[in-house]
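Just so it is clear, A, B, C and D label the chains in written order, and each chain counts residues from 1 on its own.
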Amino acid sequence: MLCLRKISKTTKGLRVYSSVVKQANHVKRTNINNLRKDVLEYRHVYPEFLPDPNIEFRNTLREKLERNDMLARRSHINIPEFYVGSILAVESSDPHSLGKMHRFVGICIQRQGCGLRAQFTLRNIIDHQGIEILYEMYDPAIQKVEILRLEKRLDDELLYLRDALPEYCTFDPNMEPEILPEGSPIPINETKVKLKPRPWLERWERKNLLGVQDLELPEKFYKKAEAVAKPWEKYDLMKEYRKTIPEEEQLEIFNEIDSRLQKLHVQGKKMKKRVFVKPTKLA
Amino acid sequence: MALVFSNVFAKSNIKAIEDKFFKLSIICSSNQIRERHVLNPKPRLRNPTWFTKKMIAERDEQVTPENEKFIQQIIQDKYSNVSPKGEIPGNIEWTPELQRTGVIAKKIGIYPLWLKNGKKIQTTLLQVLDNHVIKHYLPEEYDPPRKGPIGIRNKKACLLLGAEGGDPSLFTKDYCGLFKESGVIPKKILARFFVSPNAALPLGTLVSAMHFQVGNALDIRAKTIDRGFQGVMKRHGFKGMPASHGVTKTHRRGGNIGGGGEKGRVWPGTKMPGHMGNTWRIAKGVKILRINRKYNVLWVTGQAIPGETNSICFIYDSKLPLRKPEKPLPFPTYLEKVDDDTPEDQYDESVHQFGDPSIVYAEKK
Amino acid sequence: MNQAEINKLVSQLRIRVNPRLRKFRNPLGPEERLNKLRKTVTALIKHERIELNYPRADESRMYAERLISDAIRYGDCHKSTMEMADYWIVEKQLIHKLFKVLVPRYENYTIAYTRLLKAPKPYPGEKHLKAVLELRGNPYPSLIPDTQSNRSLLHNVLLDEARKAFRAEKYKEIAAKVTANFKEGDKQRTEHDEVAEKLQEDEDKTKNTGIKAETPT
Amino acid sequence: MFSSSLLIRSALKTKTISRNFHVSNQRYEIQKLTRLRVVDNSEIGKQAMAEGRPPRCIHVYNKTGVGKIGDKVLVAIRGEKKKGILVGLKQNQKTKVPKFDSNNLVLIDDNGTPLGTRIHVPIPTILRTILKEKTFSKGADYTKLLGIASKFV
């Protein structure tokens, strides 16, 4: 009898509890939805925190340790938000140069790799000579990554700049940083690049490039490109799935590092020097 | 013989003759040995004593969810507190002749570390699993399944270690019986390690990543990635044949495999297509660069540790003569209680820690 | 190590995804692989339960799951999802079924939307492994034996009794502890509550440990 | 300098019109018969580039036969044999080492003295270390090349 009474009490308690939880859940859910959107935006800013989607290489503990190491490195260097198409200045210590310091300014034409292997390539033309340097994001020899112009381009990779006219990737090494007003969206640079006449490094007519002017090729090139295209691949749902990290996992990853990232963001803002954009001439 | 025949003819009974001949034939055959005689017969292979059937075939009894939960609770109650059965001798000094136990680990991935001189090196992460001592064989007790032609002189003791606790209701009764003595939860992986007699550990002892020290060398034994049946180009790195210039149907083939005449046969050991991988290999003398105490992870040099990610490997102290440790090792294993003040990570001197400021090169004068 | 693609968000599938996709035999080129799977996915949405060869069933199951999860996530106003549905569903009237019937049905599911069962093979007969692929919540009678009646099986009866005895022992232990700590008399009500709470905690613990045992630490 | 490069370009243009195909394509890997680009202001180099007949590598002085940054090569230029040092490659390089859009060469004589007086493109800083090391092991002094460089990158 006594036992029964106990059980009935517990169930009553449970019922009361569940109704409270339901209400709380409802309020929470709307908040969570907003939070979720913010957290998921991290994937554009910090894409290297997402692991390699290949199932055969994945291990949760390794990924966690790797993320911890990345954050530890970020506590000493402010790696700002940047995209392919942004103009960066990278300062790194160099045992070969006289001042032991090396600075390179250029446009980011490619970002590859994830985790501690994340890399980016900068390209510039100095003295009519095209130069590219590959940097590792978490290399401890890098002293400073400065963002000179924050913008996106129409394509995910700008490798075609290698075959473009030199004026499209010539940047002044002493360029002053342009600061965007707080909270403004990242501008998209919609310039269409003009390529040099063939021969090229790659067959650009087959790559569906958006940021390129008319290639001015004979008709047979386009016909061939159409013949070798694989239009069905975009419908392969599983191929797409195996190249991405699902939303649930992304949320888990970014929720884990959210507070630390925000702390670093605040810290980075303090470290940043205040540089003003020169006012443009009005008349 | 003549006497026998004369006797037979004297009786002159056909049936009797037949009988006699039959007997004769038996006598003759018993003298002649027609079996193939082997001088040194191959030793019969026996499985080690712990090699019993592991998993039950299929659990088809339909247990209700409540009862399932109850069974899990019982398991939890039974195996939650395991303590070593016996005292660990803590006063033995380590000498290079002594052999400590190895551990079971899992290869969890590869990522780069940077040295203090700015050089990048690839490291493999090995997670030391929950290694418990399951059984201990004395030197005279352990009976190896394969015996060489000469007996082993300095016999060593043997420890059976288990890792990765599993659900006991999925293992067979025989298999669970192996763990009765030590009292630990039945483990999915078992491995035996030879140790010096005084390096033996009491049953139920936990061996952690702190068993090893930063800067020392290890030997890692594991099964290589199984690549299946492969051609000669992938398996042995042959060059193949040209893609054009009149070559037909032999672009990836090995070509000639030998001459004719006296040696007109395929010589043993000729490199040919076949199964590649899934063999035991040892990566010798890899150095420990970093140890994480909290997650029991070792960072070792190199990316060529055999096996794929999430596969099991066995770690031993290196036997390479030039890479023997200089400082004394924790013997028989790391015994001190780990307090929270000590840092989570231990780094080798040459490694740049991610929490340190950026590298700056000093100017030469 | 390659960077994950970030342009499109996808929901996690609740089924096991094979490390490699099956190639199948495609004499008409790589496009044929998808054409084959399209037919199966359409048939699955149309009939809700189909019997076919195991490899094809396993492969098309993943595609069907992806299609439904995208439809739930983005709805019928999303252009690329609609294009996807248009491609994968060969019989176009079934697109309405996907968005109007299946999406409401599966919106609050926390498990997979499909079920794959290995079908028995007649002997002598075809040697290929056969499978039954079905959408969950279909109107047909269930293929899986009813597990509700297993309560009266002998081992369950015995386990039930053992559980009761075990619980009773625990109650006693907890009660003894509580009575040692608190005075008897007017605090009896609080005592009951605490016992109840502790029991609740106990159950929660067992749940947690159950989950822990599955996931590798 | 700008005008000179313009001159070169115009000269190249006239050539390309007359012959619209490559005798040998520019290779990423520097081996025998690879076309190189002379980047110093030596007379022979300037003439060869202006003619539109850039020098060809006919030997690489190392054990692999593939030229890496800072390696000495023998080139055939305007019917003569000259030695040179590779000061910039088109090949993919290690991190923090620049990769150039052309395979650049600076002509030297047997003692390591450059034939020109100025290099008109940037030069990777890693050459400082590489050339210093080579100077010690071989007899010639290659570090003179660093003195005529206009810019390091």
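Rule of thumb we're sticking to: contacts are C-beta pairs under 8 Å (C-beta built on N, C-alpha and C of every residue); 3 or more make two chains touch, one makes a residue touch a chain.
Quantities reported herein were computed from a predicted structural model and do not represent experimental measurements.
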Between chain B and chain C, the fewest touch steps amount to 1
Intersection of contact sets, chain B vs chain D, gives A
Interface with most residue-pair contacts lies between A-C
Maximum distance between Cα centroids and chain B occurs for chain D
When centres are defined as mean Cα positions, the distance from chain C to chain D in whole Å is 65
CA centroids of chain A and chain D: separation to the nearest Å works out as 37
Distance in whole angstrom between the CA centres of chain A and chain B is 43
The positions of chain B in contact with two or more other chains are 120
Residues of chain A that touch two or more other chains sit at 56-57, 94-95, 115, 117, 136, 139, 141
Touching at least 2 other chains, the residues of chain D are 95
Chain pairs satisfying touch are A-B, A-C, A-D, B-C
Per the touch rule, the chain A residues reaching chain D in their complex are 92, 94-97, 102, 104, 119, 126-136, 139, 141, 162, 199
Listed in rising order, the residues of chain C that touch chain A in the complex are 1-6, 8-13, 17, 19, 21, 30-31, 34, 62-63, 66-67, 70, 84, 87-88, 171, 192-193, 195-196, 199-200
Note: in the complex, chain A contacts chain C through residues 3, 5-6, 9-10, 13-14, 40, 43-44, 47-48, 50-57, 111-115, 117-118, 230, 232, 235-250
Touching chain A in the complex, chain D uses residues 5, 22, 25, 88, 92-102, 104, 120-122, 125-129, 150-153
Residue set of chain A touching chain B in the complex reads 56-59, 61-63, 65-66, 69-70, 72-73, 75-77, 93-95, 100, 115-117, 136, 138-143
